[in-house]
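Shared chain: subunit A. Partners: subunit B in the first complex, subunit C in the second.
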Partner chain A sequence: MNRRKQLREGLVTNNPVLVQQIGMCATMAITTTLFNGVGMGLSVLIILTCCNVVVSALRKIIPEEIRLAIFVVVIAGFVTIVDLLLQAYIPALSAALGVFIPLIVVNCIIIGRAEAFCQKNTVKDSFFDGIFQGLGYTIVLIIMCVFREFVGSGRFGGGLIDIANGFRFTMDGTGGGIQIFPESYGMSIMNLPFGGFLTLGLLIGLMQYELKKFEKKKKMAERAAKELALQKEVEE
Partner chain B sequence: MKDNKILKLAFVLFVICAVTAGVLGIVNALTYQRIYDMAHAKEFEAYAVVLKSDSGYAEVEFEEEGFPTVDSIMISNDGNGYVVKSTFSGAQGNITMVCGVDNDLKCTGISIIEHSETSGLGAVAAASSSAGEAFRAQFIGQDGSIALSKNGGAIDALAGATITSTAVTGAVATSIAAVDSVN
Partner chain C sequence: MLAKIVEISLGAILINNFIFSQFLGCCPFLGCSNKVDTATGMGLAVVFVMGFASAICWVIDNYILVPLGLAFLETLAFILVIAALVQLVEMFLKKAVPSLYSALGIYLPLITTNCAVLGVVLLNVQNNYNFIESVVYGITGGLGFMLAIVLFATVRERTQFSDYPECFEGFPICLVSAALVALAFMGFSGMKIL
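Up next, the complex of A and B:
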């Protein structure tokens, strides 16, 4: 399978959030600071990759009738592992994301990929599918976080970047971020779920517009090439 | 469906569940102690934030029927007051909070140890951000008649998180009443 094509599908043409439109609940809920977005994105990436590998490795022995039950068991297992590891080693992230880490169990990106991709493809392809789809998800989360944080509280990199004592990255979520304009001038509605809907809507609209434009261009180029070939034939 | 087919399905599902459970058991064994220690350290850190004591704290007996939300009352060995730990319901789930109360039955500070409030709304009450600190600072110096400003008190509720604000305010009042009962 073409890795380049797989990467493009994950990031752009078949992006899990913007094109497949799955896994949107957590997307809207947690994209309030960059710390949350990066943490959630990477957690999903890891869980998705692990589940993809296990599901595709077991695809020959999973009976058709109970495949969903098995997917759920595998997913819940990996989510619990990540949840426990986060609680033990990155407690700030676990506290910030709260219930949304256990809720990855029912995030349709993972079960969707297991059903649509891994049960028909090899372990290697599924592994890369997990990484690329996870990256696509993470990038969308990061874009939403940056936008909402900036418009909502005039900040960049909340929780992740600390500039109080020189520029540094923090893993304990205490970084204040870079204040671009005073917080009181921000539209705090962007920090509420409403802002999540608005941002996601705008992003999906923009994405679809670009995809349509790209398709049109491709069609026009094809047509031009055909006409050129026709012209050549006539000339000859 | 034939009987042996059902048995085969059940067997496959059982094996996969058993393997998953085994792996989870191992991960739990590896992380349990660390998570437990951290929760404990966090609680003691919170005690120091709400009521500073140089010589530690000791548990006090209290009437548990009268205060169902109160988990424990600790007296400061410095004699400057009490720390009350309580668990009560917030907007999304239980909130565990410690509240310092001095000998004049005034709140000396609150710290939320555990909660599952909505990120960006109720969670601000526990956050280390400036908004969270401003919210918690309002409780310092309040007495048993504490109430939200919309009910004629002095506490401004968090925007979009009235339920959380009401719950925390109520818990502070309960904590003060509990200390009053043992004082």
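Up next, the complex of A and C:
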């Protein structure tokens, strides 16, 4: 399978959030600081890749009728592992994301990929699919975090970047981030649920606009090529 | 006790509404709110599943998992309980109320992957609720979900006839109108119960 095409599918043309439009609860809930977004994105990436590999390795022995139950058990196992690891090594992230880490179990992205992709493809393809789809998800989270944080509190990289003690990345969520304009000037409503719904709505709208424009351009190019070929034939 | 129950109920229905302030259960909320009828049926099924799931999971957690020191398996055990429960509800509705069963269609098995159901069970554990509080939180959380989805279905029936940019068709316009409904629910957020 073509890796470059797979990467493009994960990031743009078949992006889990923007095009497939699944897994939106966590997307809207936790995108308030860059720290949360990156942490959640990477957790999903790891869980998705592991589940993809296991499901595709077992695809020939899983009975058709109870496949969903087996997928859910596999996913719940990996989610528990990641949950416990985060509690042990990055407690700040675990506290910030709260109930949304165990809720990755019911995130439609993972069960959707297991159902739509891993059942029919080899372990290697599924592994790369997990990484690319996970990256697509992470990028959407990062875009939303950066936008909401900037408009809402005039900051960039809250929790992740610490500039008080020289520029460095922190893992304990204490970094203040880079203040671009004073916090009191920000629209704090963007940090509330309203901002989550609105930002995701605008983002998907923008994506649909771009995809439509791209398709139109492609059609025009095809038509032009056809006309050119026709002209040539007539001339001959 | 009664005060606590009132506090939990009002909190779950209005102040910390599952959809508009905690973002739990957004997928069926957006996918199943085309018509008021379907939305009502979906809401009722979720109330039922959330109430029973809270009760059963509380018993399993307190009498099996915690005494055996298996609390780290909570997520796994809960999702299995929910999946089995949804299957039971599906079988019961198929026999007893076939009309509702066919109206809900594909959305019935999808309640398993509704994050509101798993969310309410996990929040019960996190908040250390006792049995009665857990059940009340489950049922009222479901009622909050139902309120949100029915309200939003009526809003959505109107957006179908309105004029908006073409690229906003489908989910984006739903999300933007959901944002406005969430803005209305923000009015409850300052409320305090004595």
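The criterion applied here is as follows: the second predicted complex is superposed on the first by the 236 of 236 C-alpha atoms of A that agree within 3 Å, B and C clash if a C-alpha of one lies under 4 Å from a C-alpha of the other, contacts with A are read in each partner's own complex, and residues count from 1 in each chain.
The criterion applied here is as follows: contacts are C-beta pairs under 8 Å (C-beta built on N, C-alpha and C of every residue); 3 or more make two chains touch, one makes a residue touch a chain.
Every value quoted in this text rests on a predicted model; they were computed, and no experiment measured them.
In the overlay built on the shared chain, the residue A:102 is in contact with subunit C alone; subunit B does not reach it. After overlaying the two complexes on the shared chain, residue contacts for A:182 are found with neither subunit B nor subunit C. In the superposition on chain A, A:88 makes contact with subunit B only, not with subunit C. Put subunit B and subunit C next to each other and count what each touches on subunit A; the higher total goes to C.
Applying the stated contact rule after C-alpha superposition, one finds that A:77 touches each of subunit B and subunit C. With both structures placed on the common chain, the touch criterion links A:29 to subunit B and to subunit C. With both structures placed on the common chain, the touch criterion links A:69 to subunit B and to subunit C.
According to the touch criterion, the shared surface of subunit A, contacted by subunit B in one complex and subunit C in the other, consists of residues 29, 69, 73, 76-77, 80, 84, 98-99, 192.
On the side of subunit B, the complex with subunit A involves touching residues 8-9, 12-13, 16-17, 20, 23-24, 27-28, 31, 34-35, 38, 92-93, 115-121, 123, 128, 130, 159-160.
Across the complex, subunit C meets subunit A through its residues 20-27, 30, 72-76, 79-80, 83, 112-115, 118-119, 122-123, 126, 165-176, 178-180, 182-183, 185-186. Taken in their complex, subunit A has these residues touching subunit C: 21-26, 28-29, 68-69, 72-73, 76-77, 79-80, 83-84, 98-99, 102-103, 105-108, 111, 189, 192-198, 200-202, 204-206, 208-209, 212. Touching subunit B in their complex are the following residues of subunit A: 29-30, 32, 36, 58, 61-63, 65-66, 69-70, 73-74, 76-77, 80-81, 84-85, 87-89, 91, 96-100, 173-174, 183, 188, 191-192.
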